[in-house]
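Down below are the structures I want you to see.
In the two complexes below, subunit A is the common chain; its partner is subunit B in one and subunit C in the other.
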Partner chain A sequence: RKTLLSVLTQGVNTPGALYFHIGETEKKCFIEEIPDETMVIGKYRTQLWDKQTTSFLPSTPGLGMHVEIKDPDTKIILSRQYGSDGRFTFTSHTPGEHQICLHSNSTKMALFAGGKLRVHLDIQVGEHTNNYPEIAAKDKLTELQLRVRQLLDQVEQIQKEQNYQRFREERFRMTSESTNQRVLWWSIAQTFILIITGIWQMRHLKSFFEAKKLV
Partner chain B sequence: MFGSLRVLLQVLWAHLLCGWVLGSELTFELPDNAKQCFYEDIIIGTKCTLEFQVVTGGHYDVDCRLEDPDGTTLYKEMKKQYDSFTFTAAKNGTHKFCFSNEFSTFTHKTVYFDFQVGDDPPLFPNENRVTALTQMESACVSIHEALKSVIDYQTHFRLRESQGRSRAEDLNTRVAFWSIGEAVILLVVSISQVLLLKSFFSDKKTTMTRVGS
Partner chain C sequence: MEPARIFPCVLSVFMSLILDRFAVLAAFSQAADSDFTFTLPPGRKECFYQTMKEDASLEIEYQVLDGAGLDVDFFISSPSGHLLFNDYRKSDGVHTVEALEMGDYMFCFDNTFSTISEKLIFFELILDNMDMAEDPDDWKEYIHGTDMLDMKLEDIMDTINNVKSRLGKSVQIQTVLRAFEARDRNLQESNFDRVNLWSVVNLFVMVIVSAVQVYLVRSLFEDKRKNRT
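Then we have the complex of A and B:
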């Protein structure tokens, strides 16, 4: 009875009321722009289109999804194969755009006869990753303490985001200053080239005409 | 046995009422001439909000369309950069929303969307309180709501800043390439001008001498 209860609640806890369709060789990428030291938890569930029953089967054994996560410097920080239901976690060490890519590992064309795989996806970032009932049970917090804890986590996330914003603004400023410098130097160089070619043209033509005895 | 069955039913009912996922926030790439659809099963009477913003690409616009389970269009906008749409689900079932970049021939876009369904799940899942919250607790709740909107504003600010920054970086590379390109063009044009002029006078000279003799 207890196992039945736990199994049923487990089923209800599976992720993602949000879903989308993916083709067999299709790779779907999602971008998460996050500050550093931020935890990201992704959960997915797959369903395969069954032509016979013209509906989506609950879950397909043997069909897995390959998850690849790249950090802002395009270095791969996670590249793993998971089953038809999976859960992946990573913590960012550099602030910036992280890319989470999913594609199916199916090699048998027959599996995708209908051409559609339904993927339920749920990605939670930062303070949304905290499981408050669990924290309350572990640290034995009262309700008020738990609420304050939640507020503290939220404020910490806001602080991290502000820091990240400062970092980005600095990069933006550097790019703008570099553009400014380039435009300045190019204007000077262009004027210089113009004058030099003008002088060269005149001198060359003058010597040419003098040689031809036209001047 | 009935005790555990009751608990089970309560859990299922609670989940049904609250919804397991409070919202999905995703940023994805939409290639040119492509359409990407997302689906969500919504219970009747749930208040939902769809917010989207185009982060990079072209004129930063995208077509968005939201349909209810019977295919009726609840929201349709063409070439919008940013919008927010709140609705209450009038029917039970799978609602679908699509982003389309089919009007664009070669720019692919990055689109951010935030689809909130219902309210947040309560902090204590087995709480079914009907008693009022204490003053401290209601203060905490209002601070929580305020902070949520702060985080939301921060997200939108970050996306706008990202737009500005990618334009600036684009400009930077374009200036570099154009400077080199223009230098090359200048030199080529000035040298060919001189050569062309020289060739005019050389031909004339030979024809003149030929006619003379």
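Then we have the complex of A and C:
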């Protein structure tokens, strides 16, 4: 009975999702920095500005979004069209910055006469992608077991993130040390070059003046 | 599919047909915390909107991860257009918004003051008291079997909930630390590039300048000799 009531209230209140506006040819990209073997689920919902009612229509059929996802090596791992409401999912195989880009596939200029498309977006990473009711059904778990399983997943995700953090911190440290060394060596080399150039200049000019019988 | 799940689905479809204004999307609901990282091109302003219920609270934390200067303008305005917070060229910030009015709160990142540098911006939203329509932890109808020791179960459940919320907090802190680390790393990588570039330029300039100096001095004397004879 509780779910029935919650569905009714969901019908009355609009869902609380983050949204933004996108132009017709505009591409909006989001970056997700994630460890490897992490699943990411993205859900979006679009609404179109309707001049007659001066409001956003709930769902526009025929208006889709093109989703393009690039891995840290800028290789495209997903490039697909979805409808006006879509759900895309991918699993990372290398740790790093993955880029999720969205743009509308609208070719009918008339649809965008108002110029605005409202996109509600939600991106869930790692442990948040697990569907616990489904897991409970598949593994036949009691409530206690299910909650403990969720805690275990949460901790595993934190551990993965920490490992990845260690890897990034090492790369960061290597860059810093390399910069540090280069600054040191370059300063020494510069001093050296200046001294050598000075000596060469003096010697060259001295021999030049001697040749011209000025000295 | 169990009957208990079919009935709400049918009812929701029924309602969506009648009430054309109210889109019932059982599949789409946003979790309480979300974070996004995006690039803000120079001279642009990007705005995001969050629907808030009354007496809910929103905590927003943002950081500039990359881009010369590592700063951005930020402001939050209420649904009625009142400016709630305004940050001028800050590199990170935290704001808590108490939703006194219901509606769509707008927050914007403004990079119009910069003409050439693109900023990489990270922000995190933490929502409280939003009364999620579907309680994600109400799994009672999905589970199988019962647990023994019903008396102690409530205590164990409380402890588990406690641990879960603490772990959630750990994840949030991890996200923030990740953003800080990313910023430091981007800064160092740009330092590295700068050091390389300017060292090479410096080398060329020194060699060219010394050659030009010698040539000029020589040419002064060459002309004088020519004039004399």
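Just so we're on the same page, the second predicted complex is superposed on the first by the 198 of 215 C-alpha atoms of A that agree within 3 Å, B and C clash if a C-alpha of one lies under 4 Å from a C-alpha of the other, contacts with A are read in each partner's own complex, and residues count from 1 in each chain.
As a working rule, a residue touches a chain if its C-beta (ideal position, glycine included) is under 8 Å from a C-beta of that chain, and two chains touch if they have at least 3 such contacts.
Everything quoted here is computed from the prediction, not taken from an experiment.
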Subunit C versus subunit B on the shared subunit A, clash or fit after superposition: clash
Touching partner for A:C29 - first (subunit B), second (subunit C), both, neither: both
Partner chain(s) touched by A:A211 [first = subunit B, second = subunit C, both, neither]: neither
Which of subunit B and subunit C A:V183 touches, first, second, both or neither: both
Subunit B versus subunit C as contact partner of A:F20, first or second or both or neither: both
Touching partner for A:P58 - first (subunit B), second (subunit C), both, neither: second
Doubly contacted residues of subunit A, that is, touched by subunit B and again by subunit C: 2, 8-9, 12-21, 28-33, 122-123, 132-133, 136, 143-144, 146-148, 150-151, 154-155, 157-158, 161-162, 165, 168-169, 171-172, 175-176, 178-179, 182-183, 186, 190, 193-194, 197, 200-201, 204-205, 208-209, 212, 214
Touch list for subunit C against partner subunit A, complex: 4, 7-8, 11-12, 15-16, 19-31, 34, 36-39, 46-53, 56, 104, 120, 125, 127, 130, 133-136, 138-147, 153, 156-157, 160, 163-164, 167-168, 170-171, 174, 177-178, 181-182, 184-185, 188-189, 191-192, 195-196, 199, 202-203, 206-207, 210, 213-214, 217-218, 221, 225
Of subunit A, residues touching subunit B in the complex: 1-2, 5, 8-9, 12-21, 28-33, 121-123, 125, 132-133, 136, 143-144, 146-148, 150-151, 154-155, 157-158, 161-162, 164-165, 168-169, 171-172, 175-176, 178-179, 182-183, 186, 189-190, 193-194, 197-198, 200-201, 204-205, 208-209, 212, 214
Residues of subunit A defined as touching subunit C within the complex: 2-4, 6-21, 28-33, 43, 45, 58-59, 85, 87, 120, 122-124, 128, 132-133, 136-137, 140-144, 146-148, 150-151, 154-155, 157-158, 161-162, 165, 168-169, 171-172, 175-176, 178-179, 182-183, 186, 190, 193-194, 197, 200-201, 204-205, 208-209, 212, 214
Of subunit B, residues touching subunit A in the complex: 1, 4, 7-8, 11-12, 15, 19-21, 24-29, 36-42, 110, 115, 117, 123-125, 134, 136-137, 140-141, 143-144, 147-148, 150-151, 154, 157-158, 161-162, 164-165, 168-169, 171-172, 175-176, 179, 182-183, 186-187, 190, 193-194, 197-198, 201, 205
